[in-house]
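Same chain, two partners: chain A is paired with chain B first, then with chain C.
This part shows the complex of A and B:
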């Protein structure tokens, strides 16, 4: 079914008419969605899409290249702060600002990639963890960055001030389209990276870096490149995230956020684009919506409240949120190491032969 | 191929119909109906700031009491607590969810200056009153935000009152200060300097502390060498405990005086290993074992309605932040509207329950400049040193 006869068939964006059809349907749904759902969900979708960009980028690093990062909140912060500061201090237009911020993040990604040449596994995790925390505290200590009190985000102006063109997006509804288009570009970009020589080098490094080196993959270049690309994605996501929020402080980008990002990738499925998308969607939805309002869910909510009253402490119900995400993570690792992507593949296989 | 085209067309058609059917702009649901008024609060129930989560639960106690007594003008209060983990990104999410999905009439409390900053413009744009943020921030009141009503005394005013107490009541001339290097600490520093200037005095040491610093040896030595008799602290709980322990090690024993953010004595006593005894703090509410009739009433109610909860300053703070809103809702009458409640809030004058006297006008939404002064006694008991004290130097009042 997934037989490829030549390279060009492999790199085709749409493998078949069916894929094209459903992609068009999906895009139609995505573009009309904010028209039909209440405004609150538009905000949620914005956050989800920002997290999708980040998770897809993180997946290039963790899933495809086999390097670990517990410091992605740091790149996320660089993107957010970079974009806002470029716009307020240098009056740059938004698109330019977010690109520069993302390249700054990519540069830091390159820096973090250097120790990764010598370190792996838990050691690399610790280095990247330290990196994320350092970024948070350095930003907090610099008054020009708003210090610990945070900074207010300027209006999201897509125009160019110097030319007198102004196109300000104010509502979640308008921002949705900007973020949606960015997300599509980034996701298609990630897919293309993984289908090229660069992507194959990443996968070769993941499977065995010694073997990769033997067949001619330059480890120095490709390992640091993986970090840089991943950080670039985080930077773009961070730049958009700032405008979704409207205000942020350094503590927004704490260590827990880095861990949640990693959870998204693992739950979604390591090493696949779709995995990153599904993981980011599920975890963000759970964290921001379902688990927050669990007491109001019909039937199950009442049950949880009763259980919490009987056995948990005062804040048992709130802590259930972290427990649930932890349980999902454990469950995925034990029962479905490919993550949600694995479930998706199984479903696809099942339906392909249905009903025979 | 034919089949696919048909599919495509039909899917688009169905979707278009759905769009048209629901495209009517969905205004946020109203915050009340004939039977209930919906009120929300965000607060960290989990995460690093979880100890302050009791504020949100304290407000719940007040609303439960109000509901037990028959509600407000025939309406019960439906109260939502949302855990934002002290993270502005999540605060924005939970606030939007409450406003746009549940339909919330007003917000009370809300821990965290950054969390509040992230949502204050959104609340104002949606015309939702927000009463008693449990954080003091100049940006909340200046410039005037018509929908935000502050109860919490400003740190600047509090430092002023504390400095006055040190000089006039404790008769100490050498005052040092340990302040957190952010708006909280710097506001306190300003206030202390302002007050000391009226006595032609200045601080003998002004030592900044980074919120994440874990070693304060050099700072404490500088304080010791300055010969400070009293040290004013505007820092976070961890830094305060480290400061006290370091000072004990080097044999430095000044009178420690701290802002009200550290007025939860049982907690501070426990994490400082008993060193907290003798520390003087500002306070935004009556002492927990006060005989004030309202405190007795709330204490009894808490035992009955929420026996698991520890009766402490932050829990009762949740009550006093929410009190003025209940009062305004009562005044607004059965014919409820945001305008009526706003009018009632703007005309609250000398309203006092278990906190300071609150005054709001159309032009001034900082409710008070008063703090109490309390001292930690043996076994984390509360000793009241001085009742409500206003800051006659408060700059915001002159305008």
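This part shows the complex of A and C:
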């Protein structure tokens, strides 16, 4: 089915005319979508796309390189704060600010990659968790970063202030197109990274780091590089996320957020671009829309309200989303370790080989 | 294996104490302990056992999932706001055995309970059949299985024990601070820093590491109180860079 005859067939962006056709259709839908849906959903789409950038980046680290990170909220925070501070303190244009912030995040990723050379599995997870908490405390403790009170983002100005060019995006509708273009660039970039020498080195490290070292993959360089690339993605996502929210404080980037990011990758499917996209979409939709307004869901919502009144508290019903996501995490590992990507592959195989 | 467990433990207590808050303290205490053992075993049985050959990432995700589930359940029942919790130990009753050294009832109780648990664990791992089986399973699961150890059952016991100890620790922490579903996150990172400092896999190392960690944190916190929460992370990074096996554990290299 997916037979490759030569190397160029493997690295080309569109495997066949069918893929190209559906990609074009998808892009057309994405570009016309905000014209037809209500404004609240545009906001939701913005958050989903930001999370897609992050999940794709995290998937490079967790899925392809096999290093576990529970500290991506830290990089996310560095991206958000970095972008806003660059724009307010140094009056940099948005594009430059977000790139610098992402490179700062990548530098911190490199730093976090250093202990990863000595640690693996659960221990690395704890260190990265500590990193996330530390970043949260440091940002909360420094008054220049807005402290615990949070920080308000400046207007999103795509022009260059120094030259007098100004192009301010004010509504979610305008931001949607900026974020969509950034998402497409980042996703295609991630896909290309994974198809090159660097990506193959990552996969070799995941499968067996000792064997990878024997065949000549420099572990020091590639492990820290994986962290840096992943942190870069998180930084870009964080910079955009700040402008979607409009206002944030250090506790926006708490530990639960890091766990949610990891869940997106695991639920979507490890080591695949499509997996990251599907996981981010599903989990964000559940968290921000369906489970948040669980009481308004027809039939089921009424049941939940009744259950809450009888045995639990109605105030605590919003915590149902964390319960549901916890169950999804456990269920996906037990029943479908490949995640949603595994389901997708199974469906595809079924239709392509039908009626056999 | 033991990493994710600690995360879960904290919640057990939050959940339990709330359940039995109305009862008499000692009755509530006993029921909570029993419940925490049951909860640990149940999590192992329901969530970890059905996963066939999970990777380390899979285990972490399952334990985190269990944590989020319990946390959500606890917040659903009691709300996410902080609650007050106190042991029947009055911290204002103080003694001064040596001049300048003041300890209160709470500290004495913590010390006594910790000593009992340490002694129990030492004897348990050294002299009982189950303890030896647990160590064997930790070192090599397949070899242990071949030797006739039911490793699944060993895991169940391990979860039960660690959940019990976590519940005891959680009670002491909750009586010092306040009780909310996420209150065990801070101590957890600190505990891990202590274990790394002393050397993982070594009980004396963990004791000395814990004591050192407490001293470091309080001296640091005395001079820079603002940055006290991040000292645990700095200690972890420094120890890993300078002496990865910890201060007291013997370094052994695992063969391919």
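Definition applied: the second predicted complex is superposed on the first by the 348 of 356 C-alpha atoms of A that agree within 3 Å, B and C clash if a C-alpha of one lies under 4 Å from a C-alpha of the other, contacts with A are read in each partner's own complex, and residues count from 1 in each chain.
Criterion: a contact is a pair of C-beta atoms (placed from the backbone, for glycine too) under 8 Å apart; a residue touches a chain by one contact, two chains touch by 3 or more.
Because the structure is a prediction, the values reported are computed rather than measured.
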| item | value |
| --- | --- |
| Chain B versus chain C as contact partner of A:246, first or second or both or neither | first |
| Touched partner set for A:342, first chain B, second chain C, both or neither | neither |
| Which superposed partner A:313 touches (first chain B, second chain C, both, neither) | both |
| Which superposed partner A:141 touches (first chain B, second chain C, both, neither) | both |
| Partner chain(s) touched by A:17 [first = chain B, second = chain C, both, neither] | first |
| Contacts of A:189 with chain B and chain C, given as first, second, both or neither | neither |
| Which of chain B and chain C A:301 touches, first, second, both or neither | neither |
| Which of chain B and chain C A:326 touches, first, second, both or neither | second |
| Overlap of chain C and chain B interfaces on chain A (superposed complexes) | 137, 141, 256, 313, 315, 319, 321-322 |
| Of chain B, residues touching chain A in the complex | 1, 4, 7-8, 11-12, 15, 18-19, 22-23, 26, 28, 45-48, 50, 53, 57, 82-83, 85-90, 92-94, 96-97, 99-102, 113-114, 117-118, 121-122, 181-183, 210-212, 306, 308-309 |
| Complex contacts: residues of chain A adjacent to chain C | 62, 66, 68, 114-115, 118-123, 125-127, 129-131, 133-134, 137-138, 141, 210, 255-256, 259, 262-263, 266, 270, 308, 311-313, 315-317, 319-330, 332-334, 337 |
| Touching residues on chain A, where the partner in the complex is chain B | 17-18, 21, 24-25, 28-29, 32, 35-36, 38-40, 43-44, 47, 137, 140-141, 147-150, 152, 241, 244-249, 251-252, 254, 256, 287-289, 292-293, 296, 313-315, 318-319, 321-322 |
| Chain C - residues contacting chain A, complex | 1, 3-4, 47, 50-51, 54, 56-62, 64-73, 75-80, 185, 189, 192-193, 196, 200, 226-227, 229-230, 232-233, 236-237, 240-241, 244, 256 |
